[in-house]
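Order of writing sets the labels: A, B, C, D, E and F. Residues in every chain begin at 1.
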Amino acid sequence: MRLLVVNVNTTDAMTQTIAAQARAVAAAGTEIVGLTPAFGAPSVEGNFESYLAAVAVMECVRAYAGPYDAVIQAGFGEHGREGLQELLTVPVVDITEAAASVAMFLGRSYSVITTLDRAVPLIEDRLKLAGLDARCASVRASGLAVLDLEESPVQACEAIVAQARRAVDEDRAEVLCLGCGGMAGLDEQVRLATGVPVVDGVTAAVAVAESLVRLGLKTSKIRTYAPPLPKVLQHWPPAGA
Amino acid sequence: MRLLVVNVNTTDAMTQTIAAQARAVAAAGTEIVGLTPAFGAPSVEGNFESYLAAVAVMECVRAYAGPYDAVIQAGFGEHGREGLQELLTVPVVDITEAAASVAMFLGRSYSVITTLDRAVPLIEDRLKLAGLDARCASVRASGLAVLDLEESPVQACEAIVAQARRAVDEDRAEVLCLGCGGMAGLDEQVRLATGVPVVDGVTAAVAVAESLVRLGLKTSKIRTYAPPLPKVLQHWPPAGA
Amino acid sequence: MRLLVVNVNTTDAMTQTIAAQARAVAAAGTEIVGLTPAFGAPSVEGNFESYLAAVAVMECVRAYAGPYDAVIQAGFGEHGREGLQELLTVPVVDITEAAASVAMFLGRSYSVITTLDRAVPLIEDRLKLAGLDARCASVRASGLAVLDLEESPVQACEAIVAQARRAVDEDRAEVLCLGCGGMAGLDEQVRLATGVPVVDGVTAAVAVAESLVRLGLKTSKIRTYAPPLPKVLQHWPPAGA
Amino acid sequence: MRLLVVNVNTTDAMTQTIAAQARAVAAAGTEIVGLTPAFGAPSVEGNFESYLAAVAVMECVRAYAGPYDAVIQAGFGEHGREGLQELLTVPVVDITEAAASVAMFLGRSYSVITTLDRAVPLIEDRLKLAGLDARCASVRASGLAVLDLEESPVQACEAIVAQARRAVDEDRAEVLCLGCGGMAGLDEQVRLATGVPVVDGVTAAVAVAESLVRLGLKTSKIRTYAPPLPKVLQHWPPAGA
Amino acid sequence: MRLLVVNVNTTDAMTQTIAAQARAVAAAGTEIVGLTPAFGAPSVEGNFESYLAAVAVMECVRAYAGPYDAVIQAGFGEHGREGLQELLTVPVVDITEAAASVAMFLGRSYSVITTLDRAVPLIEDRLKLAGLDARCASVRASGLAVLDLEESPVQACEAIVAQARRAVDEDRAEVLCLGCGGMAGLDEQVRLATGVPVVDGVTAAVAVAESLVRLGLKTSKIRTYAPPLPKVLQHWPPAGA
Amino acid sequence: MRLLVVNVNTTDAMTQTIAAQARAVAAAGTEIVGLTPAFGAPSVEGNFESYLAAVAVMECVRAYAGPYDAVIQAGFGEHGREGLQELLTVPVVDITEAAASVAMFLGRSYSVITTLDRAVPLIEDRLKLAGLDARCASVRASGLAVLDLEESPVQACEAIVAQARRAVDEDRAEVLCLGCGGMAGLDEQVRLATGVPVVDGVTAAVAVAESLVRLGLKTSKIRTYAPPLPKVLQHWPPAGA
């Protein structure tokens, strides 16, 4: 099967990192195609950039010509999943929801460790709308920006581990989720430092997407995610997108 | 003061209707400026179109040159309010939240009567994230599309009244909200048919926006709605937007 | 229009302070009438006094002869709003709900800073019943009694600012509400000290009440707030009330 | 021990009915003292009358000279319990909460059958504030006024049974609570008609109050129910109350 | 009347302690029969042991020949109450629910002080399913195992008091529940140390059970707690149980 | 990898059906081992039988000698998953939670169609404790017993489809879950009849378990699911179990 793994920002290097992370866990016979949106922010941190990413991801998928079996939206806490589900019949898996869903099989409560403080409300909002918040112990910010993760990996890891420990000790989290597509590869370090299972959103999403495809399940089109009504959009999509 | 009232679709006639509705209740000295997005759908019905509207509204406001005191997002149940709040310091008022907020001063519970069934989940999601859902008795759909409201006003009104009556009788709503920017002017008819107060989102939003401006209150910039970090966006905004 | 602003305690000086606060934001053409209950406690701190205030406020309004367009109950966290809504058809605005409602347009979460610790449960109860608690980050007490606010304004302000800072830093409040009718005038100081918008209940209630009147909206009489059935009350109201 | 059972209305005959109901289940050695408020409504139906009842009940208890071990507030869904708890150290038991609390030991969900439709919101509010609403399947109104219960007992019973059946069949209630102090004695008929346990608030409250007294438990005075601060009340209580 | 008080572990000495605690508050004429399960763990700490206790308690009651009027399950936070309710028509009272239910009549919020940290989730789960969690301020662990309570009573009491103080000061609990059947007799010490009412689950359950019996109330058999369908169980109960 | 799929009842034929259903979706290289408990009920319908199944399943797994990578508890709405998680380090997947978790990726809301009415509360309780209830539209019973599914497959299917249609039309479910391990193979028929995706718990659980194993994730042992303390159990397990 072929899975589209769509980055939410325009930084191609991050797309490659995410796709590699996805390939590392993909089953034999699963092809991972990493996609980078044609427009938007080089990193997504906040609602304005996230809404922009939502439409950029949708156009990116609409512009992809070949067949595919499922789509993974590889932004943690970002807008847009509902729109993709309208556009497609194949399953759409948001890494935020995949991480939370997997975490809930491993312990009674989970925390998310993310980047900037301003990402916390976005993640909380996504979890609430997804109905996955009841067992969320906390969403904590390391204070590092998305792009710091690649530039200062050692400090990034230390800051993440520090919050991870507080999540376990103070918030009683029993499982941790890494709340940024760019944290790929840190899960083992955080697990060793805290002693609790650590879920990476991208790899969780690959497993979920593969499961849905293998089970032959598709998005329900009966109401919320029915296809858009046929309409002539004005000046959209933008030329070159 | 000057209020920008931003339509979420690209239909200029609807912008004019909304702006007229706003002017009808604006205080002396309040100037209403109606804005139509440069791109998007002629009517917004569903998540894909709503996400597109979110960014179109943001670009529309960013492209507006003159000064203004507050912005009203005139789409019921649409995405995007959080992004506008990041971009601006003046108050941003979503008509969904304004309607619910005003309704809650008038009765113990309220229902929303909207257009298509597929709009119901969007409105429910907005009310839940806004924390205004606890007293929402129901969100009901009349089954008519947004543009039917202008084309078949009599049937539209009948369908809306039918659901309004069920909201009052079956769901125990004590107040009704008209859940579409295009339902302007129907409030009196629905009130007469049901005997309960009817809140129109656009006029409620004008009153709320004027209140915030007069009280000298602005959006909190301390965390969730802090301005976007300075970044170079890729291929955005689209040429001509 | 004429708004009745009803103090909940019997201290006429506080009525004057509240009425002045209301007049400072009232629109041209809005007359503010301050009313003091004929019986009750000189300051309302706790459930017994609050229940007494509820009936005293109702009798105070019933005894007022002239016409008026809306009533503001100027006690933060006090009982009685539902009873007033039964007695009247004009809008009734409780300052607790007005403050919370306005705050929710300005930031993702708000905290209330009140006087004594024992006021906290009352405020929490009012917000819960009003369905306005989902985005309430905390209700914090400064530890000062209502009348301390007038007698020791400097210390009062310091104690309030101290709790306001904790609300922002520890509870992640993005907006603050001053939770006592007697805190009028402190909003600017608290805003400067914390950097977040500060909502005063009395001024918020004036804006809300004016909005409802201008929009022609009245209390729903269909069920919860239907007028009391015609009955002969025993020994009530008390002579002289 | 001596229990004060305080009616919320001024109808002495109803006080006698309630007291007799209480005596029928009181343990040997428990004295039941029925009290009727000195002012208020002959039946309490709605928020205005209920707030008035709240203060009338408090004054009634304050005016009672002798010793007593606990107080039962015998109004279903009425205001005031928190105020009584401030005034007293002995336990205060509201019949609404006693009925719900007992019902929850008997089945997975319970419904309340009350009198007029306008009583439903009051009961729902009390249960929500008491944190006893999670297992409440519904609050249903028979449509009969409080005083109809004594005047037309046969029709009253039929109307109550009709709603009781719907609660069991449609709302999946497994236990029923009679939601009016004046429904004393109907429990057996409703039980026979529906096949589920029926809880009468007054008798439940007697059992709860006796239990608290026997266990030596008193109201916590540490915060919410601390005694009122010493103050000179203005023109209160009314002469003759 | 005769009440069966069933210990959840196989330690007969603890059964005796619990039964003595029950007898100390039982009414004249109430016979307390303490029962010890025939199989299971000497102390119940965790889900595996708790599930085992659930079936052991059920078999223990099924094996009891004589008549009885109600059953008390004397394990705090343990599984099994729903199963007992299916098997019996007489009331079944779980000490967790009895403690919480009684505590809610005494203050606005309560905390539970239990033994090991791993007991906290079990207690939280029981309170949530019972719909008694809304006013639960916290469940805190003293860190001592069940059997430490008998072996090191002084240290146990100190550790319990330390957490009790934090519950009152930090979590704003107004009432405390002792969250282990083996904490019998510590209530007075904890009350003196904290100044708030302390509820012991076993004695609370005796009072609740006696109340239900005296009121003539039995478990609803209409749906959830209907008797098991007639079936031939395989290899159950175990020989000698 | 090897997955243990444990039936909750003692009917070996049902174990075979469940195991075949699991094998039909298992990946190449996944071995499915079906296990039948040594004691308990031939079908599990109600809390007593479910608690018994919980311990029977635990003993069944404890008695299994060989290595395995994950355990699937194949009872819908049954007790016991938390206990298994304590006993094991490999992942434990309950089919109730697997079905709900998978359904939530496919539509905005889901309903469960189960067997007898008395199973509804058990399923609701499991979903609530698992924090997977927020998007559950309803749990509906077909009225057929577990063993009817094999004996009268045509009528069973009709009864299930009838409730499935009501879930979609009346409860607004967008996805359906088959709420009994014995409904294996009906998913396609229900999907065709309703037009919405249908999730079978057993196959969903296989996909989830395989995913967890492939991702190298295990149960968190830090608190709730820490191994039982070393103790000598009394008369347990039963001889021959």
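Everything below uses one rule, namely that contacts are C-beta pairs under 8 Å (C-beta built on N, C-alpha and C of every residue); 3 or more make two chains touch, one makes a residue touch a chain.
Note that this is a predicted model, so its numbers are computed, not measured.
S.K.: Following contacts chain by chain, what is the lowest number of steps it takes to reach subunit F starting at subunit C?
M.R.: 3
S.K.: Using mean C-alpha positions as chain centres, tell me how far subunit B is from subunit C in Å, no decimals.
M.R.: 28
S.K.: Let me have the rounded angstrom distance from the C-alpha centre of subunit B over to the C-alpha centre of subunit E, please.
M.R.: Distance between chain centres: 53 Å.
S.K.: Mind checking the centre-to-centre distance between subunit D and subunit F? Centres are C-alpha means, answer in whole Å.
M.R.: 44
S.K.: Going through subunit F residue by residue, note those that touch at least 2 other chains and give them in order.
M.R.: Within subunit F, residues 108, 121, 223-225 contact more than one other chain.
S.K.: Does the chain-touch network form a line, ring, star, complete graph or other?
M.R.: ring
S.K.: Beginning with subunit B and continuing through subunit C, what order do the ring chains follow?
M.R.: Result for the ring walk from subunit B toward subunit C: B, C, D, E, F, A.
S.K.: Can you check the complex and tell me which residues of subunit A touch subunit B?
M.R.: 10, 38-43, 45-52, 54-55, 58, 79-80, 82-83, 85-87, 117-118, 121, 125, 128-129, 145, 223-226, 228-229, 231-236, 238-241
S.K.: Using the touch definition from the top, list the residues of subunit F that touch subunit A in their complex.
M.R.: It comes out as residues 25, 27, 91, 93, 97, 101-102, 104-108, 130-135, 168, 172, 174-175, 195-197, 199, 203-204, 207-208, 210-212, 214-215, 217-220, 222-225.
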